[in-house]
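Could you have a look at this structure, given as structure tokens, before my questions?
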Amino acid sequence: MQSSSAGNRFVPRLLLSPAVATLLLWMLVPLGMTLYFSAIRYNLMSPELTGFVGWANYEFFVTNPAFTDAVLNTLVLLGSTVFITVAFGLAIAMLINDPFPGQSFVRILLISPFFVMPTVNALLWKHMMMNPIYGVLAQVWTFFGLEPVNWLQDLPLFSVILMLSWQWMPFACLIFITSLQSMDREQLEASDLDGATYLQKFRYLYLPHMARAITVVIMIEVIFLLSVFAEIFTTTNGGPGTQSTNLAYLIYNEALVNFDVGSASAGAMFAIILANIVAFFLIRIVGKNLD
Amino acid sequence: MSTTTVKKPVRTGKYTWNGAMITRTVASYGVALLMFFPIFFMILTSFKTELQAIAVPSLWIFEPTLENYTEVQERSDYFSFAWNSVVTSVGSTILGLMIATPAAYSMAFNPTKQTKNILMWMLSTKMMPAVGALIPIYLLCQKLGLLDNVFALIIIFTLMNLPIMVWMLYTNFKEIPSEILEASRMDGATLWEEFRYVLLPLAMGGLASTGLLCLVLSWNEAFWVLNLTSANAGTLASLVASYSSPEGLFWSKLSAVSVLAIAPIVIFGWFSQKQLVQGLTFGAVK
Amino acid sequence: MAFLKLQNVDKYYGKLHAIKGVNLEIENGEFIVFVGPSGCGKSTLLRMIAGLEVINGGELILDGKDITTTPSAQRDLAMVFQSYALYPHMTVEDNMSFALRLAKVDPAEIQEKVEKAAEKLDLTAYLKRTPKMLSGGQRQRVAIGRAIVRSPKVFLFDEPLSNLDAALRGQTRVEIAELHRELGATTVYVTHDQVEAMTLADRVVVLRDGIIEQVGTPLDLYDHPKNRFVSQFIGMPQMNLLPADFLPAVAEGSAEVGIRPEHMKAVGAEGAALSGVVELVESLGNETLIHMKIAGKHQIIVRQYVRTELKIGDTVGVEFDASRVHRFDSEGLAL
Amino acid sequence: MAFLKLQNVDKYYGKLHAIKGVNLEIENGEFIVFVGPSGCGKSTLLRMIAGLEVINGGELILDGKDITTTPSAQRDLAMVFQSYALYPHMTVEDNMSFALRLAKVDPAEIQEKVEKAAEKLDLTAYLKRTPKMLSGGQRQRVAIGRAIVRSPKVFLFDEPLSNLDAALRGQTRVEIAELHRELGATTVYVTHDQVEAMTLADRVVVLRDGIIEQVGTPLDLYDHPKNRFVSQFIGMPQMNLLPADFLPAVAEGSAEVGIRPEHMKAVGAEGAALSGVVELVESLGNETLIHMKIAGKHQIIVRQYVRTELKIGDTVGVEFDASRVHRFDSEGLAL
Amino acid sequence: ADTELVVATLNNGHMIEMQKHTEVFEKANPGITVKWVTLEESVLRSRVTTDIATKGGQFDIMTIGMYETPIWGKKGWLAPLVTSEAYDADDIFPAIRNGLSHEGKMYAAPFYGESSMVMYRKDLTDKAGISLPDKPTWSDMEQAVAAMHSPDDGVYGICLRGKPGWGDNMAFLSTLANTYGAQWFDMNWKPQLDSPEWEAAVTFYVDLMKKYGPPGSASNSFNEILALINEGKCGAWIDATIAASFVSDPSQSKVADKIAFAQAPVQKTARGANWLWAWALAVPASSTKVAEATKFIEWATSKDYIKLIGETNGYGKVPTGSRASTYNIPEFKAAASFADAELKAIFSANPDDSTFNKNPYTGVQFAAIPEFQAIGTAVGQQMAAALSGDKTVKEALAAAQVAADREMRRAGYY
């Protein structure tokens, strides 16, 4: 039962206000400036050219041939990584849920990638794992008599997804393990008596039980993956072509390669819109699990 | 409050070994080693010479060399970067907890119709790509004289992590029966005393894991660090950047510096994983 | 003058009128028990007294002072919660002394008070433990101890025993009764347990839908329920109710008559005022409950203190003590 | 031959010998209740029957077949758990039909069975709800419904009512009794509630520390406890126990004598066999419990069905029915 | 108090050495301390550009290239470099010095310079019984490459840059296009990427790489290829002359003694066949420590510095390509087998006349206009797509043309 203490709502509001105020500032000030920049001509390399340009920056950003690809890639990246991490995270969490010797050691190994810096993650995979000649993966392929896969060139987006999944699956796993610990033993026993097989238990008991955990994972991953940048920047530079360019990278490209702040700001506005669309659907779909 | 159901004791005896158990154990180790392999390989590489590092097939047995580590230490002052990492991540964690805790308290124990919306709004502020806000923030920092300043990083990290922190704390607080807080009120506790003596100790697990997560995220933050710092405030993320892709062979040196950069937080993460698991329940993920 | 006085007290949850102008006067040292069906507002009323819920109308007067808007911390009341609400991170000792420490009472005095309370509650051996390491009954006693040490003006209890098992509940109930006798403190106690209400209360307050139905001593309510609702609520098994036409001899213009199970007797079927078919016989050792159906649809229970030979399906007669019959009009009011 | 037979059944948890060679024969259609103090092994025994715990020794025979190592799914038993263990995300209907669906029973048949069970349990209106939207009692009934639809050979219940409040508990208890009468299914039921054991059981099994202390009908145990332990365990309030020297007249070589509260009577202090001081009087309406202390240290309770005028502190005499006295030797065995 | 100079620089080997020798400078100039910010190229470029454009003032000395210097000098963002007599600025290669100047004023001093040339495995050509002329044509090149190509032995005929970026694949591709007679812009600043010359050049490049290149070329740039060649996996490589010092260093390279050098291949014209680049040190106009910063730059780009490195690390490791005098040092000549080839390459590059037809821009492998970064990057992406087979050459060039046209139009050139 929740209830307010005697008196008015002043104190709760007061307590809430620092967080709200700072976040509001954090959001509004850059947002305001971004909005402003998006309406003027502003290129760092040519600061002498100024002036209001209306929608020109937006038009320029959207007509960029890479734009559609970037939006699509952003969503594909998001969707696949979330799917992979959740699916494998679930499988692994189920696998190591029951006690066995060295369980906590296994858990330590499993979660380690989560603590690795994204840049290091990207460098590690690019140079030591995915390089088609020296990379460990290439050697494994060769060992099995296969033609080594040319990861970053032939499967750029997938490679990035792989790296991100490697990084985020431990997180998903961690949450799922936690969730599994609270699985009601009596429910499982009841299903034993009801004659459920392992798969049926997974389908009818574990999965619904973990709905909330899955929601949490999806929520957090979406927040981070929507603006993935370091991994792409470090490995594929968005290429080849625009195959692995996402919105964040495209904006980066405008802002820090082309130094076109106006168009980058317009891009940022699109990113915000996209984020809000995703957030809207996310809350629709998974929000009810978050009560 | 429902009655607390008494947990059955878990089976304590030895493991019962049968086919399924063996398969499960072997599979678990297999998956874990696979996941850990890249890190292991990187550590291995950091003890190779540059030429050994690019050998095909990869060398597994070799005479380890420390030259990469000495080179790193010689070339850059690891400890000053590490110190900045510690200061910024710890600083932002503490500051973040200080702001997020009252907010989460207010939302958890005095919910209004807007609470969920505010929460979602907070989370949505995190979805905008940081690059989009770089130039504005850069200009702001410049105007305020906060370029290359650890305080700027602390503030930015704090704001960056605040939504997640509020959310995690909120869900953790919701787990605390409001009766306990009411009891303290009946005992004559002021708001501060209620906070200090009852809520905080009770929420320790949640606070710890929230703090931990925030620490990890801040430690690994690279974008703002690279763009807002130069000579004085750089963290380990910028140290790594100074070793990536120079002209010439650099794999083993990069490995060494990467190992150095992630070691503190990974080891810290290992030690605190229990805490993290306990607190990450996000309002009892159950 | 009354020690604790509720005057026309109102409570709204949004549109829901949870407490509807309640008036109640409680004397100093009295033990008052609130009973009523789930959701009738017992807890709400108690929490309003405690200051945990805002009072939307009316006044609350304690010891001559209007405390309607005083924050709970300053009301000088102590409350024992259903969930105990112990501070899980503090030892028993710290739990009990918390309020005193906040009030900056002299440590020596705190020590003394806690020790005395612990002794009284048989908790001395557990002072250094945290609640996690205690059994349900012990936790319960700590919660009471926490209330006692403060010597508050009024003790408030919200279903304090409902999380204990039957045996422990009986035992703790006796302890509470003793404690109240010893301390003589004014107490308001919420329960939905019959036995607790009957054995602990000086006066019982029966609530329904945010309204007081009847206030009186336990036996008063048992013997003279003001209406059908109270008659059904007090007494276990419930008072048997039959339409007046089954018992024209005693009905006297009522719509329904009520007779408690122990005032009925199963006899031979012939010549009895009522007869029915045995549906279930429950032998509890000391007493036997015979469930039967009258005229195929009215369920009644006869309680007797001797064993019976009756079997399910037997047809039996029922006799009753005419002086113990309750009569209700068509509105349910006792005549 | 017995329907369900436990032969020398053993259970170890690591070093702990939780069930120590239990032998028990249960007839088809019988209602067996396990009682005993907490931790005595009631649940363990039940779970061994259910196949949820490995049996470490002895045999378990159901309907002539050795099922000692059969997996639970194939034992054809149904169990109702203390926590109900309903599947929280399935509707009532889905909960009840889950086992049948897994067994690939024809949907029409499932439909029919579920509807029948729901009707019997008064759940028809709630079939589409999830457990979260039900009250405790309704959930309880769903748990029972889930067991019924499978028409298993044996029903197992582990403290199925302990999460309900008193009134609901009484009501559900009666429902279970009726259900058993209707279905006639063999039932094993664990509880630590006196009343449930007394009213539901055909035979009660009293366990202590993994050993069966006594098996018998409820009244058998009430009237003829085999030892001190059983005498204290059955009956509420407990049987009064006094050292033999207080009552030399009836002691007859025993070490202790026991008399149930209702077999004692409070009388004038003079000339009575025993006398004591009243410590507490509890008036429950139909009965009155007089707590008194004999010789300043032995607590006894007298139960009477008339009101009393006695006050705390009064000195009273106690009379008792000599034919109802239980005698125990120094080992605690009944003489 | 001490004057603190913050130097933003690259993490390349020569700069690391400079960083290691900071103490020498500090000792010689009491009262000045030097702090380093070392970054990889792309990060460095965005950092210094943001800083200088917003007048952030975080750096006193920046490491920039021949692309930025004239542009920034023109905008007045850089302090003109006024050097002392002893510094001997005239010793600097004129082409490089011009590239680092605007309207005659020098804005940055070259730390080291480079051009491009061919490095190839002499042992393999010998084995195949062919020899590569000192100034080969692309046809000669293809022939040699085909002869060396032997993937079963782990040797790929040729390794060339493929990783997108104006400083990565486009640096090489521009030179290739130049000798095929192509150019970035016509005299009206119209991008020329849809010209047949570009198509011919890129088609040749893609075919060559498909036939004789290693897998993963689309993500290879200098470093990746260096690793390949040092492992003996490439027959030939055309890249910066600076690479010569790496591939011929036995501590890094397995094939150090098997490498030979040749001038960058030519086709239709010799103009712009090899590029010209220098990493240079400059002082932002906003710096308050111009005098001290200049002192440092003088030290770091001086003859003495080269001597210092030569004496401490060996003459094989001195920064090259900036001063003519370096190539007169006998120790250097002895230590650097590539010295002659490098010198020749640098001398043959002329940023002001780099294409077959006339063009309006300065730069061999780039056009020194602010818009070029964006264009180069976008085009580079398309070229990578063509290389990876994701697009045909025609499609890629068409897309590149569109991208370039967009930028030029936006910038108001027409």
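For clarity, chains are labelled A, B, C, D and E in written order, and residue numbers in each chain start from 1.
Following the convention adopted for this analysis, a contact is a pair of C-beta atoms (placed from the backbone, for glycine too) under 8 Å apart; a residue touches a chain by one contact, two chains touch by 3 or more.
Protein identities per chain, from UniProt: A, B = Sugar ABC transporter permease; C, D = ABC transporter ATP-binding protein.
Because the structure is predicted, anything quoted here is derived from the model rather than measured.
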> Any chains in contact with both chain A and chain C?
Replying inline: B, D
>> Going by the contact definition above, tell me which chain pair has the most C-beta pairs touching.
In response: A-B
> So what's the Cα centroid distance for chain A and chain E, whole Å?
Replying inline: 36
>> Please tell me the distance, in whole Å, between the geometric centres of chain D and chain E computed from their C-alpha atoms.
In response: 90
>> Based only on mean CA positions, could you tell me how far chain B sits from chain C in angstrom?
In response: 52
> Roughly how far is chain A from chain B, going centre to centre by Cα mean, in whole Å?
Replying inline: 15
> Which residues of chain B are in contact with two or more other chains?
Replying inline: 1, 3, 54-56, 135, 139, 185, 241, 244, 251
> For chain A, which residues are shared contacts with two or more other chains?
Replying inline: 3-5, 44, 133-134, 209, 256
> What positions in chain C touch 2 or more of the other chains?
Replying inline: 51-52, 71-72, 162
> In their shared complex, at which residues does chain E touch chain A?
Replying inline: 42, 46, 49-50, 53-54, 71, 75, 162-165, 214-219, 224, 227-228, 231, 233, 370-371, 373-374, 377-378, 380-382, 384-385, 387-388, 390-391, 396, 399, 402-403, 406-407, 410-412
> Along chain A, where are the residues that touch chain B in the complex?
Replying inline: 1-5, 9, 11-13, 15-16, 18-20, 22-23, 26-27, 29-31, 33-34, 37, 44, 92, 95-96, 98-103, 105-120, 123-125, 127-129, 133-134, 136, 139, 166, 169-170, 174-175, 177-179, 182-183, 185, 209-210, 212-213, 216, 219-220, 222-224, 226-227, 229-230, 234, 247-248, 251-252, 255-256, 261, 264-265, 267-269, 271-272, 275-276, 278-279, 283, 287
> Can you list the residues on chain D that touch chain A in the complex?
Replying inline: 47, 50-52, 71-75, 77-79, 81-83, 85-90, 98-99, 102-103, 146, 150
>> Which stretch or stretches of chain D touch chain C in the complex?
In response: 162, 165-167, 170, 174, 177-178, 181, 192-195, 198-199, 218-219, 222-223, 234-237, 260-262, 280, 282-286, 291, 303, 305, 307, 312
> Which chain B residues qualify as touching chain A in the complex?
Replying inline: 1, 8, 10, 15, 21, 24-25, 27-29, 31-33, 35-39, 41-42, 45, 54-58, 99-100, 102-103, 105-107, 109-112, 116, 118, 120, 122-137, 139-140, 158-159, 162-164, 166, 178, 185, 191, 216, 219-220, 222-223, 236-237, 240-241, 244, 251, 254-255, 258, 261-262, 265-266, 268-270, 273, 276-278, 280-282, 284-286
